[in-house]
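In what follows, structures are represented as structure tokens.
What follows is a pair of complexes built around subunit A, which joins subunit B in one and subunit C in the other.
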Partner chain A sequence: MSASQSAVRSRAEAVQVSRTFDWMILFTLFCAVLGGYHIHYMLTGGDWDFWTDWKDRRLWVTVAPIVSITFPAAVQACLWWRYKLPLGATLSVLALMLGEWINRYMNFWGWTYFPVNICFPSNLIPGALVLDVVLLLGNSMTLTAVVGGMAYGLLFYPGNWPIIAPLHVPVEYNGMMMTLADLQGYHYVRTGTPEYIRMVEKGTLRTFGKDVAPVSAFFSAFVSIIIYFLWHFFGRWFSKTDFISDDAT
Partner chain B sequence: MKIIKDKVAKLSFVALLITMTAAMFYAPTASAHGEKSQAAFMRMRTIHWFDLNWSKEEVAINDTMTISGKFLVFAGWPETVDKPEVSFLNVGIPGPVFIRAGSWIGGQLVPRSVSLELGEVYEFKVLLKARRPGDWHVHSMMNVKGGGPIIGPGKWVTITGSMSDFVNPVTTLTGQTINLENYSLDNVYFWHALWYAIGLAWMVYWVRKPLFVPRHIAVSSGKGETLITPTDKKAGLIVGVGTLVLVAASMASTNEKYPVTTPLQAGLLRGMKTYQMPEATVAVKVDDATYRVPGRAMQMTLTITNNGDSPVRLGEFNTAGVRFLDPAVHVDETGYPDDLLAEEGLSVSDNSPLAPGESRTVEVTASDAAWEVYRLADLIYDPDSRFAGLLFFWDANGNRQLVTVDAPLIPTFI
Partner chain C sequence: MAATTESVKTDAAEAPLLNKRNLTLGILLYLTFYSFIRWYEGVYGWSAGLDSFAPEFETYWMNMLYIELVAEVLLFAGINGYIWKTRDRKVMSITPREELRRHFTHWIWLVCYGWAIYWGASYFTEQDGTWHQTIVRDTDFTPSHIIEFYLSYPIYIITGSASFMYAKTRLPTYHEGLNLMYLIAVIGPFMILPNVGLNEWGHTFWFMEELFVAPLHYGFVFFGWAALAVMGVVNTEVMAITKLLKKDLA
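Our next item is the complex of A and B:
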């Protein structure tokens, strides 16, 4: 067989090879995003995502969407620009959360015995689904950045509230009031994570009183829009095929 | 030649696999916390722990024990370490093998960070509840913001029983008694599984169609718009609206189920109650101090003046948790860890009772293998080669006085 001849002998075989190729790329992409996104998110979101006593109304709500909209934006750019596939955000977040769950269960619980109910990951899936849907329906990266990015930031807190609310029930403990999440952080000893390292409930949003979470979410949503644009361009740049000569494409 | 090379390569690969496999069978438990690696000057010149007591050496699952004692926040705190203005009383254990059921400084619960004053003594207690069986090295510990963890002396404690028996009951302010060990775990799994399933369904909807090659060809040839069908848009609309409805509905139902919730609690506790030690009537001046490397011994020339009204003798030198005792003056009966206790490690050239008003210059030697074992001898490699510690004097009635010393240390190598 010469180099100019096809590797397949029939249309059915071509379809079969194409499908095999689909699964191989999808699997590789899923694993690559899982690794890269996981490292990125652990380095930037880190403790806010690790521990329930870091999941507060201000900084967790602000930081988590901003640092997690990155890979979804980049992968969306690649898959939409090249393949018109509106699943980049969902694929990224599913990969991340699979990696996170493996990490939390195998490492946090399996090796160091922190109960899973103190170290479960944040839920990012609602925002990712809406990002993909806005891209599908709007067919516009700009619209996805503005509307999808905004939704991604705004949906984060309500998407997680059913999971963390039970841990915000107050308890009186030796004469002090704290939430069950605070008590978890106090009970389950972390020698390398002293209480003062926690960045929670800090900031200058005091005039909003107890309604600070929506304000934080809006701020996070605005910044998410900017980060979406930035990482969208990273995604486009990384999905270029400049290394392939024109006559080969 | 090629055959030989191939054989060598194959055998090398097999040897590598055997080595890696064999290594997996040797995985000793990591029990300590690197306390010996912490810079000697950090342990000698920051927090001085003393009068420590571990209430038990063996404890069953769900039973409790305490670590109690006192610590002096050293007045000669090193410049290279941030002052303990934001600190946290911790315990050095390998993860949550115990839960910290309570911790107090000066009788006040300290679940939050505290501000400590230089030169003051504080009394502390940590209540621990056994959770995971095994032999664990249990340390007192103070985390200092900008300074890192300052680990105190540690003692081996054995936890017996089965971790599956561990319970952590807590009664909330809404009157519900829960087991914090697994509280709300089903809820966590349920919501994560539900959303993951929805995400997977969205993925399956798209990956059941041909993906990369045909779509890339279509996009490259300008027919990308034909790849999105009206059915796709309807499916997207359903998923989008469904997501918003589910988020809103789940939030509303959660608020109904948990009408009383509060934000996380945080803040700094100031004005911690200090412990008043008896006023020291003994004055100590360090004339010189040397560390003799071959002999694992520190020698100090001290001029001691007794300004009190009863004769005193030097009985103990305590630095970095290592206690050097003169058994003729003081014998430890608290069960202090053996490796940190040099029961006959302190010798004084003239340790006869120092009469009131008398001043005497003596040679004091603190010698023990602990200098090497606990890497205190590494002090000579620190950028600020000063040592510090606590001297304890006793009178005939057993009254004790604490005096701190802080001076340059000169190493000798012959």
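Our next item is the complex of A and C:
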């Protein structure tokens, strides 16, 4: 082909071609990130995300931000550092949450009849927005990791509190004190995760009193910072355009 | 007048750069097929999928498994064989406009690949979770696995390999060498299928529960990360298309 020849006949056509590619790229990126992020998240933090009686003040608060800051950091590394698009984290989280909501409604409820108010997904949007805003205003990976990562971990519990609070009120049932969420789990027996492998309220975090969720959130925020750094570099690596030789000789 | 609203003159006799019909049909094909599959498992999961020793399980589920496995092998060989057989042997001498047209066709494949990944890795994988929380599994070939592992995963593998094969045989960008991220974006998600071997072995051997965050599942997680390599493919494509357009779009 001629090195000087353009494939389009006018600037208008070039713009139209470019816009069309934008939509096709966005759709593909959205779906691929959704698939990869969803399989990652459901298999590293999914049990806490599936069920209200797993959404406790210790492990859910600790695990969910740490395992979910991964793909946002990686996608930011591509979209911001290559295209100055400050939406990598929000795009990733919206994709994940769309996939989760479709599934909880169509399958958890539609196929196996768990009510949506026992299996709704965690809300990750506030943390993702802050990650993108810090990156946009700061234009710094370090700042986004430290300030954004910290905020991502800390905002998780407040971002979910209005949703989960009604299910954390205490109830007495057959002489036992439990939360309303526990009671949901009691009535909706899940064959694959019997009670003996439910990981909630484990450990001695209550030793110093009642501040369980803030301590968990701060620890989660600290690890989220480290994970952000790590996944930023994963994202850069996955953005490479290198070719390797296909010559077998 | 803004550039986006200027009229674009095209040669009436010339094929359009983007075949919108194929793009729409591609998306609708997956949507329609998976809607049918969802209906099928909704009905026959409950009525014939609870006891793997029952005759109706053989009829509605094992026969489905055998049919899909044969169909997938044939489809994989047929599509990739066709793309290879009809390859362009003078790919480096095509006109820039033809190259742009092929990039659009390539993106139809990539759109379908992304769409297929959504159905496999998101929709049917998490759906498998809720099935395991509802029934007591007595076989590795439980209905949700027959759909997830042995139908939706092979379908995205076939789509991804066809996309890669199309790029390699028809686009000058990919003619010399192998694009590393493209390889990872196709082979990584493919490796999720062999990893099913580990999963089923582990669940059968020592871990009958279905704790989703169990380390037994981390193989799926690792290979799921490979979906991020689509970013490298996007970057390669953006560079190639920008070079073809040779216009300032700012």
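Criterion: the second predicted complex is superposed on the first by the 238 of 249 C-alpha atoms of A that agree within 3 Å, B and C clash if a C-alpha of one lies under 4 Å from a C-alpha of the other, contacts with A are read in each partner's own complex, and residues count from 1 in each chain.
As a working rule, a contact is a pair of C-beta atoms (placed from the backbone, for glycine too) under 8 Å apart; a residue touches a chain by one contact, two chains touch by 3 or more.
Since the structure is predicted, the reported quantities are computational estimates derived from the model, not experimental observations.
Contacts of A:145 after superposition on the shared chain: neither subunit B nor subunit C is touched. After overlaying the two complexes on the shared chain, residue contacts for A:66 are found with neither subunit B nor subunit C. Judged by the touch definition given at the top, the superposed model places A:75 against subunit C, while subunit B stays out of reach.
In the superposition on chain A, contact is made by A:85 with subunit B only, not with subunit C. Using the contact criterion defined above for the overlaid structures, shared-chain residue A:114 touches subunit B and also reaches subunit C. Applying the stated contact rule after C-alpha superposition, one finds that A:176 touches subunit B and leaves subunit C untouched.
Contacts of A:18 after superposition on the shared chain: both subunit B and subunit C are touched. Applying the stated contact rule after C-alpha superposition, one finds that A:192 touches each of subunit B and subunit C.
Once both structures are placed on chain A, subunit A residues 15, 18-19, 21, 25, 82, 112, 114, 190-192, 194, 197 are touched by subunit B and, in the other complex, by subunit C. For subunit A in complex with subunit C, the touching residues are 1-2, 5-21, 24-25, 27-40, 42-48, 50, 63, 71, 74-75, 78, 82, 99-100, 102-103, 106-108, 110-112, 114, 119, 190-194, 197, 234-235, 238-246.
Within the complex, the subunit B residues that touch subunit A are 33, 86-88, 90-102, 109, 111-113, 131-132, 141, 143, 145, 149, 163, 168, 170-174, 176, 178, 180-185, 187-188, 191-192, 195-196, 198-200, 202-203, 206-207, 210-216, 218-220, 224-225, 227-228, 232-233, 236-237, 239-240, 243-244, 246-248, 250-251, 253-255, 257-258, 260-266, 268. Taken in their complex, subunit A has these residues touching subunit B: 15, 18-19, 21-22, 25-26, 53, 55-57, 81-87, 90-91, 93-94, 97, 101, 112-117, 120-121, 123, 125-126, 128-130, 132-134, 136-137, 139, 155, 158-159, 161-163, 165-184, 186-192, 194-198, 200-202, 210, 249. In the complex of the two chains, the subunit C residues touching subunit A come out as 3-4, 6-10, 17-18, 23, 38, 41-42, 45, 92-97, 99-100, 103-104, 107-108, 110-111, 113-115, 117-118, 120-123, 125-127, 129-137, 172, 176-181, 183-185, 189, 192, 209-213, 217-218, 220-221, 224-232, 234-239, 241, 244-249.
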